[in-house]
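Okay, so chain A shows up in both of these, paired with chain B first and chain C after.
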Partner chain A sequence: MSETTTQQNEPVSRGYWSDAFRRLRRRKLAMVCFIIVLIYAAMAAFVGIVETETFKKIFKLDVPIVRWNEQVGPSYQKPMAQYDFKPEQSETKVKGWSLFGTDFLGESTLRKTLYGVKTSMLVAFCASIISIGIGVPLGALAGYYRGWVDETIVWFYTTLGTIPYILLLMAFAVALRGREFFGVEIRGAPAVYLAIGLTSWVGLCRLIRGEIIKRKESEYVLAARAMGCSDFRILFSHLLPNVFHIILINFSLRFVSFIHAEVILSFLGLGENDKPSWGAMIDAARTELARDVWWEMAAATAAIFLISLALNIFSDALRDCLDPKLRID
Partner chain B sequence: MPEKDTLLEVKDLKTHFPIRKGVLNRTVGYVKAVDGVSFSIRQGSTLGLVGESGCGKTTVGRTLLRLIPASDGKVFFEGQDVLGLAASRMKHLRRQMQIMFQDPYGSLNPRMTVRDIVGEGLTVHRVARGRQRSLRVNEILEQVGLSARYAERFPHEFSGGQRQRIGIARALAVNPKFIVCDEPVSALDVSIQSQIINLLQDLQEKLGLTYLFIAHDLAVVEHISEYVAVMYLGRIVEYARRDDLYLRPLHPYTRALLSAIPQPNPEKKHSRMVLKGEVPSPANPPAGCHFHPRCPWAEERCKTEDQKLEGKADQHCAACWKTDKIV
Partner chain C sequence: MTEFCLYRKAIRNITSGLQSGARVLFFSAVLLSTGVFSAGCRKQSSIDPNEPIVLQQRLRARVQTLDPMDVRDTTGTCVASDVFDTLYDYHYLRRPYEIIPMLAAAMPTISGDGKCYTIPLRRDVYFHDDACFPWGEGRLLRAEDVVYAWKRIADVKTRSVSWWILDRRIAGLDDFREYTKGCKPGEVDYDRPIEGLTAVDDYTLQIKLNRPWPQFIYWMAYIATAPVAREAVKYYGPEIGFHPVGTGAFKVDRWLSGAFVEASRNPRYYDRYPLDGEPNDIKDGFLADAGKPLPLVDKVVWRVVVEDQPRWRLFLKGLLDMVGVPKDNFGQVFTAGVKMSEEFTSRNIRMINFDEPSTFWVAFNMKDPVLGNNKPLRQAISYSIDRQKFIDIFFDGRAHEAYGFIPPVMPGYDPNIIAISNSYYDMAKARECLEEAKKIAGGEIPRMRIAIGGTDSTYRQMCQYMQRCMTAIGLDVEIDLFDWPTFLEKMRKGDMQMFIAGWTADYPDVESFMQLFYSKNIPYPNDCNYSNPRFDAIFEKISTMPDCPERTALYREAQKIINEDVPCAFAYHRVSFIMCHEWIQNVKPNSYKNEMSGWGMTKYYRIDPQKREEYKWKYR
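Moving on to the complex of A and B:
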């Protein structure tokens, strides 16, 4: 009897992660931001699904977003205004209404903005995965083995790091475009996220290297070595779980900068040019601004602004909850 | 020197850390953390290794487990040359030789549950897995005085003393014969210290363990050790049975250490031998006897002549030529 009562009175055992997420859930603003991020992600997934041929065949449904290049109105139609419009094939005029207006070709800005969510999220997500996939293993190897491994990796990333970022990004984007790798031609979004991912791992690599160096002399690692654990086991089951929160924080912070990088590349004319993207929209709107056509720029900027703000607030909350030294609540 | 029941023998062990300087990273000298240490430990006994901070006692413990590469010397464990073993054989030997650490907070991986911490050795050495491993972990936890209910918890949920018990459980999991206890109680409250010491003694009795007990607290060492070695600046200056050392210290440094132990009775007049100066840097140790700059009995001869610790394993020996002249 007494055994069971003591068990009931004992506090619930919580691990690092469950404890951190419990703290995170208590932050209202962070959760709102997280929901915004989830909506963006869901939108991206939705666009990705409805544009596949299989979806169109099975559901016999053609979602308007996929027809982003359809002419829906006269060129440069103001937002939220009624207009008369004569489509090319038909003889009769139809009445139309557009929330965000139209561009030079009469394409709907709203559809393009929504389609841009997919381009942006895809590019930022894949670039993050590539950047983490390169930065974390290299940083971990350099920090753990030191010696010539460390010197080689450090030399490699300092060399890469001395080239100005935009220049490097442009060089990679130009070099990758239109190239064939394993029979697949790299163009469009993959060219963009490859270029961003391959150029942006230096900071993360440096960070992980430092963290591994700091932790590899700790007593729990010594104990694991005394136990006869292999280097592989020490790295993967002792060291990396202890730096994983840093990777996660970095991932969410970087996501924003990758969305921005996509815009920069598109602006420079090196981005995705077959499908709509926010960068391409801003690039196009640059010349149109002189004609008082502001809505294309505004729509893309607002979309970027909202996701950037949400991700930044969420990342800060995540960092507060994951870093024990910053915990205040 | 080696006897029949010697479990561990250390011969002239040296651990030197290079000091690198300048753009070219040239080695300009060495920190002689351990500079020629020899001792042997009998099966089932405890050797206490004492000395002040920075004298190299922790380095001795880590070097003989090959956690730090040795610069010179030999370590024999049951006749096997530990420092010369190939990696695969060494992994095997690690089951026999374990270590527990001073810091109860830093020595347990904060992201692992107690079950994984204690059971890791069983997995690594393929002793047990799955349910069998769970049962074995429960058994070891009970053995060190922790409830098996705690197995799914994380290290931050325990007190310092409980964490040290987890550290002991981790070392015991693979059934070792020899455990290096690296200041296991220095970071604990006095009341908890005795609990841990008693636990270590009980386990020694039950399992026939052999300890190298590293500490700077002479009272703790007196309680647990059968033999005591006193280290100063990378060398052992005195080695004796516990009672011999505490009743009749020979080396001036040991005398100074013993006289520094606080007396419980404040009324009693007690002449204290206070050492002057600081411990010299192990990167640049003094010539001759390392202790001579601080020794009240030092003579010319001490400044030039190296003092060696000589004698048989069971004898009381001190690295000082004038032990019989000092009263």
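Moving on to the complex of A and C:
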């Protein structure tokens, strides 16, 4: 009886991750932001799936967002405005309205904004993966082996780091566009996320290197070494899982900056050409503001604002929950 | 000092009785009232009559070089043409356009066979004062300077972009070019005699052509052929492009690349304002300055403003004297599509519009396997483009639909061109042609690409519009936006399938357009890679023919061939709109100098600085 009581009163032992997620769940605002991020991600995935030919053939679903380039009204119609309009394939006029107004070609701003979610999320996700794919192994190798490996990698990322980021990004975007690699031409979104991914791994690499240097003399590493584990196993099975939370935090924090980078590149005309993107919408609206066409700018800005805010709040909360030093109840 | 002490004492007396908080309030009130008072008393600044009169111009891009033989863009031409004078120029006021002597003392004497030109030069033309001359004083222009400038163009080592103008034209000049290929840089002997290019004496130039070239006179009014001082080239070496020493109305004083170019009047400038012009010119005030020494302003500042909206705002603030109308501001400028809005008429801003000798089109790469052998496909694309809607969106309805390459403003334009054209909007025909094209292609047309040489929103939108037109008939088209150098490179390599391009005539002769389709000009300027022996024969024939009705008939015949073969879908002819403030006078447009921020016309502009100051004060 007394043994059972003792067991009931004992604090429940939680693992690192379950404890972190428990703390995260307690933060209401962070969870709201997480839901917003999930909605954006779901929207991106949804658009990505429904626009594939296979999906169209099997389900024969008509999703208006995919028809973003359909003319829904006359050029430059204000949000909620009613208008008479003759569709392309029709001889008769129909009445119409558009929630967020139309652009210079009479395309729906709402559809373009929603489609832009896919462009931005895809670019940010792929760029993050590339950035992690380069930054983490290089940082781990430099931190673990030190010596000439470290010196070479540090020299390399320091050199890259001295070049102003936007200029480097633009240079990569220009250099990659239209190039062929293994018979595949790099253009559109791949050119953008490659450019962002290849230029943004330095910070993460530096961070991981520092963490590995700090942890490589830890007891569990010594124990692994004593057990005869290979360097590769120590590095990738023991050390990296222990710094995974840093990668995760970094991923979420950088996601926002990658969305911004995509917007900047599209704004500068170096982004996606064929598909709608928020940057391209802002670029178009920049001059159109002079003719009082504000809705394209407003829609794209609002979309960026919402995802940036949600991701920032969520990332901060995630960092607080995952980093033992920052944990607060 | 005593006065200051008295003030201090008075203030101390007033504030001594106040608490610290009240003291702060007191000093704040004094400071505020001083500020308000001083702001209220700001006077409208009056103009000092001794102040130099400055013309405020704008440029759309930075000036890359001011070496005449290397000037390759509108921006460079604008500034260089005010700094360097050419042998001939267009009469500023007379229309139709007439070539008159500028550095030359008279029109050339041309031999009976049309091959030998003898040109007398003025004897009162000085180069700008510059450190390259002894005592820094510019010397008299000599015929040898023209010979030297043209030899520089021919010199392979200088890599001049203007060689194509003189290529195979002047007797012996091509041999000189061959000779320079064997020389080391800096070792080219510019005194080497050339049969067709000689200075008979200091003021007489003789040119012998390989074959008659009636358009030669226009090229002698082109900036690339302006004389250059040998001393300047020797003194500045490779930096000569940044140290222009010309004979023009203005001398460059300061030049901050990407920001501004500042030039002051050439005190020894020889030219005067024209004495006559068109019948309406007296009524329109263009002859108020007849006979006055040029230039009419003391200084000119070309400010580089790349973006449309800042340029427009600067104009409205009175910080630019004239400006073009950006596409998104047409609605602001005009009411009901025709009249200038109240906002602008109340500011005494006037608008000048004129047809440009330009044509823009969607070019097809004739070497492309999909497009080159499929004329119905090219026709289908051409018929699918709603040109009027394009003009409505991008030019607010202020441009002309193009049915052929000859613009309406040029002699030789055929008003009935639409009857033989494939370049008009007809969706039914487009679909019909597409079906035929599919039969030739043996199935569906593969995905195609259309490119444009610019990455900003307007270029993107233009490309998107064309894409939209083509997708409307069932074609699958992607767009490519390239920066201008990449676009040019791809054009020259023939890497693009379709691209939006255009041409503005350099001189009032349709030959300027015809060279774009001449097979020997592949890949540039014939960037469609178009080749037709019938067209080539006509081009070769007219290039040596003087202007006559037979020649005009040949132009039209050539245009018919192009319309039959559809190497491009002609889209529109541009109209220029220039907004001028009331204080700038004598602004008469020239279709062949469509960028009015210079191009040798600055010297004719008159400024009333008092009016400008009043405007700036009123709309501050």
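We adopt the following convention: the second predicted complex is superposed on the first by the 314 of 329 C-alpha atoms of A that agree within 3 Å, B and C clash if a C-alpha of one lies under 4 Å from a C-alpha of the other, contacts with A are read in each partner's own complex, and residues count from 1 in each chain.
One rule holds in what follows: contacts are C-beta pairs under 8 Å (C-beta built on N, C-alpha and C of every residue); 3 or more make two chains touch, one makes a residue touch a chain.
Everything numeric in this text was worked out from a predicted model, so none of it was measured.
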Chain B and chain C placed together on chain A: clash or fit? fit
After superposition on A, vertex chain A (C-alpha centre) with arms to chain B and chain C, in degrees to the nearest 10, comes to 130
With the two structures laid over each other on chain A, which partner does A:P241 touch: chain B (first), chain C (second), both, or neither?
first
* Asked: Touching A:N273 in the superposition: chain B (first), chain C (second), both, neither?
  -> second
- First (chain B), second (chain C), both or neither touched by A:R233: first
- Message: Let me test your reading of the model: by the given contact rule, A:R206 touches which partner, first (chain B), second (chain C), both or neither?
- Response: neither
Using the touch definition from the top, say if A:A224 reaches chain B (first), chain C (second), both or neither.
-> first
**OP:** Using the superposition on chain A described above, determine whether A:G15 touches chain B (first), chain C (second), both, or neither.
**Re:** first
Overlaying both structures gives a minimum C-alpha distance between chain B and chain C, in Å, of 41
Residue overlap on chain A between the chain B interface and the chain C interface none
Chain A residues touching chain B in their complex are 7, 13-16, 218-220, 222-230, 233, 237-238, 241-242
The residues of chain B that touch chain A in their complex are 62, 65, 67, 90-92, 94-95, 97-99, 101-103, 106-113, 120-121, 124-125, 149, 152-154, 157, 167, 170, 174
Seen from chain A, its contact residues with chain C in the complex are 69, 71, 75, 88, 104-105, 174, 178, 187, 268-270, 273-274, 280, 283-284, 286-291, 293
Per the touch rule, the chain C residues reaching chain A in their complex are 308-309, 312, 326-332, 393, 454-461, 463-465, 467-468, 471-472, 478-483, 486
